[in-house]
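Below are the structure tokens for one structure; questions will follow.
We just call them A, B, C, D and E in the order they show up, numbering each chain from 1.
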Amino acid sequence: MSPQNIRELRIVGFLCNWCSYGGADTAGVGRFVQPTDLRIIRVPCSGRIDPLFIVRAFMNGADGVLVSGCHPRDCHYAEGNFYARRRLEMLKRFLPITGIDNRRFEYTWVSASEGQRWQHVVTEFTRGIHTLGPAPSFNPVSETEWNKLAVQASEGQGCPCHG
Amino acid sequence: MKYITKKNLLRLTEELSSVYRVLAPVAQGGTVTFRRFHPGMTLDMHSRMAAVSAKMATLPQTESLLLVQRVEENKKPELTETLPQGKTLVMGARPCDARGKLLLDPVFITEKIRDQHFIHRRENSIFITLACDQPETTCFCHSVGSGPADTAGSDILLTLVGEGYVAQAISDQGQEIVTHSFFEDAQDRGQQAQAKHGHALELMGQAHDYSSAPAKILERFDDMDFWEVQSAKCISCGACTYMCPTCYCFNITDNDLGLTSQRIRTWDNCMSHTFTLEASGHNPRPTKAHRLKNRVGHKFSYYPDLYGGIMACCGCGRCIKQCPTGVDIRQIVNAAQEYAQ
Amino acid sequence: MSPLDDLKTAIKSRLGELDCVIGWEQGYDQLHATPLFIRSEADLDRLVIGPLAVHNLATYLPGLRGKKVGIIVKGCDSRSVIQLLNENLITRDDLVVFGLCCSGVVSHRKIRAALPVDPGFVEAVDLSTDTLSITASGQTTILHMADIAADKCQICQYPNALIADVLVGSPQESKVLTTLACQEEFEAKSEAEKFAFWQETMSRCIRCYACRNACPMCVCRDFCISTSRDPLWLGQENTPGENMMFQLIHVSHLTGRCTECGECERACPVDIPLLLLRRYMNKQVQDVFEHRAGTALEQTPPLLTFKVEEEGIKERGW
Amino acid sequence: MRIGVFICHCGSNIAGTVDCPKVAAKALTYPDVVFSTDTMYACSEPGQDGIIAAVKEQQLDGVVVASCTPRMHEQTFRRAVERAGLNRYMFEMANIREHVSWIGKIMEDNTIKAQELVRMAVEKLRRNRPLIPKRFETVKRVLVIGGGVAGIQAALDCADGGQEVVLIEREQSIGGKMAKLDKTFPTVDCSSCVLGPKMVDIAQHPKITLYACAEVESVGGYVGNFHITIRRKATYVDWNVCNGCGLCLEKCPSHKHPDPFNENLCTAPSINIPFPQAIPKKAAINPQSCLKLTQGKCGICATVCPLKCIDYEQKDELVDVDVGAVIVATGYDLFDWHKYPQYGQGRYPDIITSMQYERLLSASGPTGGQIKRPSDGKEPKNIVFIQCVGSRDRSVDRPYCSGFCCMYTAKQAILTKDHLPDSQSFVFYMDIRSPGKLYDEFTRRAMEEYGAHYVRGRVSMIYPQDDKLLVRGADTLAGTQVEVQADLVVLAVGAEAAAGAAQLGEKLRVCPDQYGFFVESHPKLKPVETNTAGVYLAGACQGPKDIPASVSQGSAAAAKVLGLLSKKELESDPAVARVNQPRCVGCGKCIQTCPFGAIKEVADRFGNPKAEVIDTVCQGCGICTVTCPQGAIQLEHFTDNQILAEVQALCPPKIFANYE
Amino acid sequence: MAKIAYYPGCSGLGTSVEYDSSTRAVCRALQVDLVDVEDWSCCGSSPAHTVNHVLSAALSARNLAQVEGMGLDQVATPCPSCLTNLRTAAHKMAHQDFRDQVNALLDIPCRTNVETKSVLQVFDEQVDPQLILSKVVNPLTGIKIACYYGCIMNRPPVLMRFDDHENPMAMDRLMCALGAEVLPFPLKVECCGASYGIPRGDIVARLSGKLLDAARRLGADCLVTACPLCQMNLDLRQGQINRALGENFQMPVFYYTQLMGYALGLDRTELGLNKLCVDPHRVLGKIKQPVPVK
């Protein structure tokens, strides 16, 4: 199947300026063809990435979020990716309780020279998101959905402990 | 006087929901709130007083005022006013909910200002109210000019008698509804209803006299020590204001979303620091003491001063019952009233 | 002497040096307690402790910074005090901690659920060691404490105050049970079910922020990012999505800091089971960092530090 | 706000797979965009002029250029908008080349993607605000780390340019690897005659302070204001007094310790001056072998020293210096050939490294310039040189070419013939790499005039036979196996990152590459800069280099430093964190996590604790912004609102006409 | 020590019967408990894998399965060829696909949890050196030895994972312990010509001749080997080599187990010294008789 026939999904990338953004540039310079779904937001450091940016993307309907920073020990700011690793790992582990499939979120490390690795990461991640399909919307998208939600809510079981 | 069985009331509500946007007390996850009713839902009129009042019938928590959209062909943004549509019917309101609704009128409908969104909702809403047969320890409606069977603001007053309700039509619109075939003649159940109203009032005990409150609270206006003591256990959340049938403060926000933008109106909360936060960064009510003073003062002093002595409180007691730390507005007003120099 | 008398004696001896001591008194009816700010010996007479004294008073401490304050804490509350100290949000020198050995508090939500009709008109309440009897609307119901104990008490690992200048009562044993069946049941649901659950549940949230303001660790208070325009994290519109977003902000900011006192859930006027989220996050924090907030002084919250090699984190290769 | 959008074709680089006019047209529908156009080369002079003209004609207050990566031309366009009278931060770039046109093949998809990236840039720009850099003074002093030829050149150039220089060297003398060499290629001139005067210049230059036996202990501060602590290792000799007379060397009874300067071919006394031309020419005691320091007896040197400068109690000393810039010239190490089992792993004494051979050739070496093989001191007749020992070999994790081995092997073959006219050299090589002025001619001379026998192939094993070494290898040109009976085998060992480079890199925040060499800022356009402002690279620490390349880079780094310090004041990047003080609750979490110590606690006018950013120290990473729960500390140019606007541009929230 | 399965290999029953018998004798003396693999068959030896990898592996795998059936997890073989085949089979069968193909050919599937070792490796790793020293009754004092391991005993290293593949030392250490003077033989792992003995005698003459020459130049009295094929090329063909190269080598070529047995004072008939083509007695005569302890 040619890519045109697959509807693009919404994948947001957060990349640190020094390593991974450069890695994505290197992939471009090397003409390493990648799926077109991903849109990259450039931040100075993976330590700048608030896990809530990712949450916000999901709540607004992103189908996948990919974060990439410098390899541990290689952070331009010495420690940013160490903090990022903890924050992002906690987010990754937390997502399932909210009902968001945590395979929709990945974080990894790509250096500025790893163009091919970037191609591989993007390709694999995009393929994974397409396997999962579009993410469900938290807010109902139509009047009918609103109504359905209201009825379900009135029947909702609440906390399993308390009725 | 008419009578309708519980079963028929549900059927009636279902029928009405095709004509009206029906709001009714619905149970979910251990609580009861007013929600949009759809056929298939069950009513929960009695297990408890709904945690959230029926205020949203005339003042929804969020409403769209304007939409601004950009389209490709035309560079200029298009602006649309989004006025509310349709009619609303509140099923199973309590008398305090209905009375609370009336207290918003002088604010939104004045000679100078006529709030179109509010007026549309106000004119297109019907309240079918359930008289209370049992007060709660937090109830004090009889002290603010109302009572467990107050008909003010209602179109129909229901009173639980046996496995159904005695229905008293209050307004013309109410009268029209009770002509529906689900209603039968109340016969002697009318008297039973009257007796219930009396009994409920009796249980509430002696009403408190708030007539001195406006002046006494104003006396304490500059006494921040007094307010700091009174507000010590307040945690500045918005539970009281959002539950309250008479709190009407709102916020207007422009959501700049680039291609489409929206102006919305949402409930505001005078307990919040941002309530009177000014653009300069200055805040005339920087502490929770200032803010609680404003809330109590507004309800029991400033509002009655403006609008003929009526308290901006319907005595439903939700603010007491739902307060996470049990702040009791009655105690605060009492303290001001009884303050010894 | 009863623990209450011990406590009163202890407070009396320290009251002079303090601006106030925070405790509890009876609230609007016999079933409800409410926080009490003791400023004089006369106030002290109204002090109550016991299973109805549910509030975590540590919530007030950051707001009283700069004052000399005494506080009465249960075991769970003491964790919040420790965490606040660890985060430099309160000063130990300005604080006198009266610690309790706690045998558990009630859940008003469970009491309500256990009764056929909401106990709105409470006439009398009688407490014994194992039971609570409520007379409401002329009817008396006897409830067993075990059935109406708050969730946190059923799995309590820290019944005795972990930090105290004065400790009253006889030390209690921690509970054998460490996980709640309801939590496990919820976690076992499919992602689609959990997603739908939160959609439904968040549709009744009115975003009053009682959960936030009751939380002892929510120290931003007046400057919460949920109500600011710079930064603008949250829309003011009341939609399930924005309501959920707020909860996720809350949980995110509590990562490694939440002491699981349960005030958020208790404060919620529309009974949203917020602890499902927080307990889960706490479990992740414990699994990865072996960290439980507020259980020891001098702990660093795990997100404020790092290790070059993280034993707890298995990175996924590509 | 009035925003102008410029979509660059980049010739056909972008326009080949992106419909640029369509992207430009779409941009006109975006909020605040009043002007949009496509342009052939935005970065060219007419391209930049077009932007400037549009800013003026359309009264733009912000510009978006969609072209290549901002890592390439962000600075270019920032300067352009500045020329047009805008603040340089009122500019955003959308990367539609590396991230779009070059990686996607389908025009339709690429065009949509480019449109969205432009939209993101517009939304970000709408939330930008002009940022004004702070100005600060610089310390007019340079630290040069490493006293090899690159460091020497950099130090001299900086000092001649009028700056004070602190040069530190880990070893006892400066000179580095070059000081050990006999001759240099392709001129075959004497290495120490070339280098010696430069070393003397270092010692005599009034603006240069030299610390030998010294290492960097810690680094603080930032460009223009680094605070360096130097550890001066104990030499047990008071260098302020020692005049290098050498009497102690002669009398030292403990001289069994291998001499590192002579590549362990001979031994050295425990108190030593490594070579006659050493700078500084001062004696130092080797604490591992000195009898006095190891066993407490002896003390002869103290007795014989006419100046009484021996001090067995001397301790390491820490010296603090403030400098405005740092040049790293820490050089390289030689590959440890023992990783190759086929070369005997040290069992055969007559297999030596090229550097050892260099010492054998040198008149100041252990043999006085006579080529004598280590095993029996005989003059060798057949000498086998093996190239690429630790170069271009994945199996030992050294896939790179060390670059200079081909040349020095040719030099050594030539010198061998000069020294021993009857000798025969054999060179096993993979390829000859001799690009450089007169380089290829030089290797040809080795073959043609000096009769070195070049065999293209690798050596599979060396084993002794009688008193010779049998070298067996492949001749890939002849397609046969060859065996050579050698008297001496010289391994042309490659270069690898210097020991300790990684630790120094961490202190200076300079990243190592996968082999441990320091990474430059841009492989082509910024070969001496690093990603840490104010830190520059010179010589082989950045990658294997020969002498002229090291000297050039030393001069280049010096030029960069002189340029930097010639400014009266420096501008700090204003994209740093900023505290919104009313929002700050003074919890100090940002202070705790800042890797640079750039945030301090201050009191507001009510005495409440508040955070404050030291602009010039802040590096702009944004760790603090994420740490602060109330969003009180925001990284300028990457604020929460700016990033959220980008997220929302990609994932717009649903809008409802009715929320009930 | 736990029981170890013993795989003698076909040479052990034929051309290198003295290697087999001396190995068994030495093992017995050093308390290495060998149990013969029941119903063992050909390992596939050198040529099978040139035809079919799966069939070749199946030949070895059958033997490994037999060992598994005996409830043992180690099998030792004196022959480096057998060692190579058995280990290669197990190595390749680590891949599920390959294992399935092989097992499809076998009656009893091979689970590949048996480790194959050379007897030399067993001596090196599992026998206490003190035990060997204590058992030496005829120290080999006075003879100079060149240890020759052959080209496949330690190679490829990824497969064998024993000793240094370019400069193995296990046999050197063993001979040293027995009192011999072990010379640094540089051609320890060089090829002897291997199976070219039949088709290309000239190659064997050149390659083995080089080994003999290197040993002689070093001053060795004899060569010690661990491989039946190497031993045959160097010993049986020494006359051919002498003729082809115009040399006059008189270099005895021992199996290392023979010298071990000699030093340990084992029954000479089990050591099969009389099977060697180049007479070893002149060399053995150089061994200094131990001075009786008074």
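Odds and ends about this structure:
Here is the rule we go by: contacts are C-beta pairs under 8 Å (C-beta built on N, C-alpha and C of every residue); 3 or more make two chains touch, one makes a residue touch a chain.
The structure presented is a predicted model; accordingly, all values stated were derived computationally and were not measured.
Looking at chain D and chain E, no chain is in contact with each of them.
Here the chain-to-chain distance from chain C to chain E, counted in touching steps, is 2.
Annotation: omitting chain D yields the touching groups A, B, C | E among the remaining chains.
The most central chain, judged by the distance from its Cα centroid to the centroid of all protein Cα atoms shown, is A.
Centre-to-centre separation of chain A and chain B, using mean CA positions: 43 Å.
Measuring from the averaged C-alpha position of chain B to that of chain D gives a distance of 71 Å.
Computed from the mean C-alpha positions, the centre of chain A lies at a distance of 60 Å from the centre of chain E. Each chain gets one centre point, the mean of its Cα atoms, and the points for chain A and chain C are 33 Å apart. Multi-chain contact residues of chain A (touching two or more other chains) are listed as 56, 60, 79, 83, 87, 137, 139, 150, 153, 156-159, 162-163.
Under the contact definition stated at the top, the residues of chain C that touch 2 or more other chains are 109, 113, 200-201, 204, 221, 223, 228, 233, 235, 237-239, 241, 271, 273, 303. The set of chain B residues that touch two or more partner chains comprises 28-30, 35-36, 61-62, 255, 264. Each chain pair that touches appears in this list: A-B, A-C, A-D, B-C, B-D, C-D, D-E. By the touch criterion stated above, chain B contacts chain A in their complex at residues 26-30, 35-36, 38, 40-42.
Chain B meets chain D in the complex at residues 21, 36, 56, 60-64, 67, 70-72, 75, 77, 82, 84-85, 255-260, 262, 264, 281. Of all the residues in chain A, the ones that touch chain D in their complex are 3-4, 8, 10, 12, 17-18, 21-22, 24-25, 27-29, 31-34, 36, 39-45, 47-50, 53, 56-57, 60-62, 74, 76-80, 83, 87, 113, 119, 137, 139, 141, 143.
Listed in rising order, the residues of chain B touching chain C in the complex are 28-31, 33, 35, 46-49, 51-52, 61-62, 134-139, 203, 229, 232-233, 235-239, 241-243, 251, 253, 255, 264, 266, 269, 272-274, 288, 320-322, 324-328.
Of all residues in chain A, those touching chain C in their complex are 51-52, 55-56, 59-60, 72-73, 79, 82-83, 85-87, 89-91, 93-94, 96-101, 106, 108, 117, 120-121, 124, 136-140, 149-150, 152-153, 156-163.
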